[in-house]
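Take this structure, written in C-alpha cells, and hold onto it; I'll ask about it next.
Letters A, B and C mark the chains as written, and numbering starts fresh at 1 in each.
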Amino acid sequence: MNFQLKNIAAVLAATSLFVSCSNDDDNGSKVVEGAVGEAELFFDNGMAGDALDLGNAYTNSNGETVTVKKLNYIISNVVLIKEDGSSFVYPKAENYFIISEEKGQFTVHLENIPVGDYKKVKFGIGVDQQRYLEGESAQKSFWDLAYANDMTWTWSIGYRFINFEGTFAETSDHGRHEELPFQVHQGSNSATDNYREVTLDLPTTARVREKELSSIHIMSDINVLLDGDTKILLHDNLNAGGTAVSIMGGENLIKIAQNSLKMFKVDHVHNGPGSHHE
Amino acid sequence: MKKYLLLLLFISQFGFSATITNIPPPNFKHYLMDFDDCDACGCSASGGGMGFSSMLDKNFVGVRYFNQSYSSRDGIFKNSPWIDENFNTVQLWARIPVFKNFQISALVPYHFHNRELSTGRQTIEGLGDITVLGLYTVYQTKKDSTVFTHMLQAGAGVKAPTGKYNSAASTGSVNPSFQVGTGSWDYLLAAEYVIKKQDLGFNAMLNYAFKTENDQHYQFGNQLNYAGTFFYVVEREKFTLVPQVGLAGETYATNKQYGEDIPDTKGDILFSKVGLEAGSGKFSVGLNAMLPISQNLTGGRVEANYRWSVNLNYSL
Amino acid sequence: MLSPLLFLISCDNKSDYEEVNARMDFKVPSNFPALAQEIDRNYPTERGFELGRKLFHDTRLSSDGTVSCAFCHEQASAFTHHGHAFSHGINNLEGVRNTPSIQNMAFQSQYFYDGAAVSIEMLSIAPIHNPVEMNETLENIAVKLKKDKSYVELFSQAFEDQEVSSNNILKALGQFMTMMVSANSRYDKYVRKEPGGNLSEQEKSGLELFTQKCASCHKTDMFTDSTFRNNGLPPNSKLNDLGRETVTGFASDRYKFKVPSLRNIALTAPYMHDGRFGSLQSVLNFYASGVKHSETLDPLLNANGVLGISLSADEKEALIAFFQTLTDEEYINNQLFYFKT
C-alpha cells in the first residue's frame, strides 16, 4: 500500500514537472492580417571582411594603406520584399536614415511593417534625385539631420551620400612615405545622379510578427569604394600641391557609385522577441 | 565481481555519447554515462548523465560536476575577437531497476554558464532538461569460463523541455547553444556493446537524438554520438581502480527556425578522452578529461577547448 | 478672468491664419519661357512672402549680425552689388565671384555661375553657409529668430506647422524670390506691343544685331539658355576659378560659367563672373577682339577660324543702345520688394 502510494506520488510529481514545461502556446507563428510588427537593419561596418575600427590602418589591393577617421552614409528608400515579389515600401517621409561610425549610429529602425515573411531587402545609398529636386518642402528636417552629421554640401547644395575620410600612406615606391589626408564625399550634383539602389537576399527569412522584432544584420565592406570593381588610387588624385586628396566630383564619383553596389550583404537575420542589436 | 564490473562498464558507456561530458563509460560501480544531449556544439542544453549503480546495488544516487570550455567568435568579421564561454553543470541522477534486464535512468541537470561578450559579461543559469531513458539487455554472455564476454544493450528515451529556452540569450552571438534547455521534447535511441577479456575491455557506444521544434519555432539539429573506450580493471581487496582511454565523437545536423535551415549551425567534433575511477565500499569517485582532436562546429565560429568532470556516487 | 481671454485667443488663431494668408498672384508674362521651378510646392502666400522679404533684409542671417542678403543684392542695381567686382562678407572677407542678380528666379533651373543649386528653396543655403559671405547655419538662425516675437508670429501665420525652422526659413526666402519677376522693361513692352514700348532706330538695329550675333547663347526673352559655357575669358591666374568643374568634377567643364540673363544689364556693372569689365563697351571689345582659345572654349565663339564675335564700332554702339532697353524701372522701384530695416 505504501509502496504504491509512493510510486503514484513519484509518477505524478514527475508528470507535473513535464507538463509545466511544455508550452503549446503558438502565438508566434501565425500571420494575422492587418497586424504590424517591427524590423531593423543593423549595419556592421567592415573593411574587406575585417571589422572597421576608426583609427586602424588597412592596406588595400592598390597597395595603399588607409586609416579611416570618419565613415558616415545615408540609407534611404527601404523596401521589404516577399517571396512572391510583392513588397512593402516604407513611408517616404520617414525613409531617410544616417549611419555614422563615429556616433555609433548603426541601426535603421522600421515600425508598423505588415506582418509577413520577407526574403529580400532593397534600399538606396544616398538621396534620390526626385526627392532632392522636391526641395526643402519635401525634405524638411532631414536636411538638418544630415547637416548635423556632416552629410551636406553647402558650396554646391546637396547631400553627401557617403562621407569617408582619413589619412593614407603609400607602401609602393612613389617616393612618398607620409600620412596625407583624404576626403571622399560621394553625392549627386546638378550634372550627375550618383544615387544607387541595391537589393539584397536574406539568407533566412525575416519573419515580421506582432510584438516581435526581425533584425537584419548587414555587413558592409568599405574597401570596395576605392578598391572594388574599379580601382581608384588616392595617389592619382592628389591636389595640385600634393598635400591632400579630395574626391568630390566628376568621373570618380561615378566609379564609386558603381563600386558601392557591392558594398553591402546580409550576414544573418534574427527573428523573434529577441533584443535589438546595440 | 567481474560480471558486475562488466555490466557497469557496459552501462556507463551507454549514455556516453558526446554529450557535454562524454564521460567514458566504464568503470566500476557507478557509471556515469554521460548521456548528454549536446545540441549544436556547446551542448549545454541538456547535459544529461546516465548513471548506473554497481551490480551490488542497482539503486544509487550520485552527483557530478562537469565543465566545458569553448571559444566563440564575437562578431561577424574575420578579425572579430574570440571570447571564452564556460559551461558548468551540476547533475543529480538516480537509477531504478524495473524488472529483469530492464532499467530506467533519470538525469536532472542544473546549469550555470558564463561568457564575456564585447558588450559585457553574460550569464545564464537554471534547471536543465530532464532525461529519462529505458535500457534493455539484448544479449549477455552467460558462461563464466569463456575467454571473451559480450554484452549488448539497446534502449530509448526522452528528454523533456524542463530547461528554459529563451532565444534572446543566444541572440547577438554566433553560438546558438548558450542556453539551459532546448525548449523541445527530444527522443533518443541508444545502443552499446562491450567486449572483455580478463581485465581488459572495450566499449563501443552509439546513440542518436531526434530533436523537435520548440515554442519559439527553433529546432536544434539531430545529433549522433559515438565512442570507443579501452578500460582496464585493477581490483584489490579494499578498492578497485579503472583507468580508461578512448575516443568520442559528436555530429550535429543543421538547426532550423520556422522550418528553415539556419546556415553555419551544423558541426562535428572528435575528442580523445582519458579517465580514472576509484571505488571503495559504497562510495566511488571519478575523474575524466576530454581534448578535441578535430572539429568543425557552427561553421568554424565556435571551438571546443576541453571538457572535464568529477563525480561522486553512493550506492543505496 | 483668464478664460474670456483664452476664448478670444483660441477663436482667433485659426481664422487669422485662413483670413490673412492669402495666395499671391503669380503670373507668367506672355513673352517669357515656361517656368523652370515647381512653384506649386511652395506657392507664395502673403505672410510667407512678407516673412521672406523680412529675412532677406535681416543681418541676423550672418554669424556676426552685419551682413544680410540685401547687403550685396541691392534693389537699385537689380539686386547686384553696385560697383563691386567682388563683394565683402563678414569680417570684410572678400569673395571670389561677382554678385549675380536676383530676378526671374522661378524661370531658372540652375543657380550661381557654376550650377551649385537647382532648387529655388535650397539655393539660400550656399550664401548663408559660405564662410566669406554670411558664415552662418540655418540652425543658428532659427535659434536667433525664435527670440524675436515678430518672427515667431510671422512664421506661425505663414506656415501650417507654425515652426521657426530651417525648412520654413528656406521656404519663405523661396517664396520671396519667386515673386521677384522683372518683365516690364521697354523691350518687354515693345515685344508685347504695350504702351511705352517704343524703340529707336538704333535700338532696333541693336536688337537685330543681338538676335544674329548673341542670341545663340542668350536665348529667349530670358536672354539665357541656362547652359554653362567657356566664353574665352583668360583665367584669372590668382583665382584660377574652375567654374562648372567645381560642381561637377569633370575636366570638360573647366572654365565654363552659366550664361547669365541680360535683363537690367545697364544696372549691373561690373560684368562677368569676376566683374573684370567695368562697362558694356569693354564687354563688347572683349567679344570682338579679346577672346582667348582654350580646350573648353565654346565652339560658337570659335567658328570658321574666327575667335569671338566680329563687331564694328557702330555695331557695338547699337548693341549698347539696345541693352539700355532691357532696364526695368518698375522692378528696381517696386515697393513690394522694399523693406525698411
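What we mean here is this: a residue touches a chain if its C-beta (ideal position, glycine included) is under 8 Å from a C-beta of that chain, and two chains touch if they have at least 3 such contacts.
These numbers were taken from a predicted model, which means no experiment stands behind them.
Asker: What chain sits nearest the middle when you go by CA atom centres?
Answerer: Most central by this criterion: A.
Asker: Computing the C-alpha centre of each chain, which chain sits at the greatest distance from subunit B?
Answerer: The chain farthest from subunit B, judged by C-alpha centres, is C.
Asker: Using the average of all C-alpha atoms in each chain as its centre, how far is it in Å between subunit B and subunit C?
Answerer: Comparing mean C-alpha positions, subunit C is 83 Å from subunit B.
Asker: So how far apart, in whole Å, are subunit A and subunit C when each is placed at the average of its C-alpha atoms?
Answerer: Spacing between the chain centres: roughly 41 Å.
Asker: Could you tell me the distance, in whole angstrom, between the mean C-alpha positions of subunit A and subunit B?
Answerer: 42
Asker: Using the touch definition up top, name the residues of subunit A that touch subunit B in the complex.
Answerer: Within the complex, subunit A touches subunit B at residues 14, 17-18, 21-26, 28-29, 44, 46, 49-51, 203-205, 207, 215, 217, 219, 267-268, 270-275, 277-278.
Asker: What part of subunit A is in contact with subunit C in the complex they form?
Answerer: Against subunit C, subunit A makes touches at 132-141, 143-144, 147-148, 152, 154-157, 189-192, 248-253.
Asker: Using the touch definition up top, name the residues of subunit C that touch subunit A in the complex.
Answerer: Within the complex, subunit C touches subunit A at residues 38, 41-42, 110, 114-123, 125-126, 128-130, 137-139, 165-167, 170-171, 174, 244-251, 253.
Asker: Could you list, by residue number, the parts of subunit B that touch subunit A in their complex?
Answerer: Touch list, subunit B to subunit A: 75-80, 119, 130, 132, 160-162, 167-168, 171-172, 185, 215-217, 257-258, 260-263.
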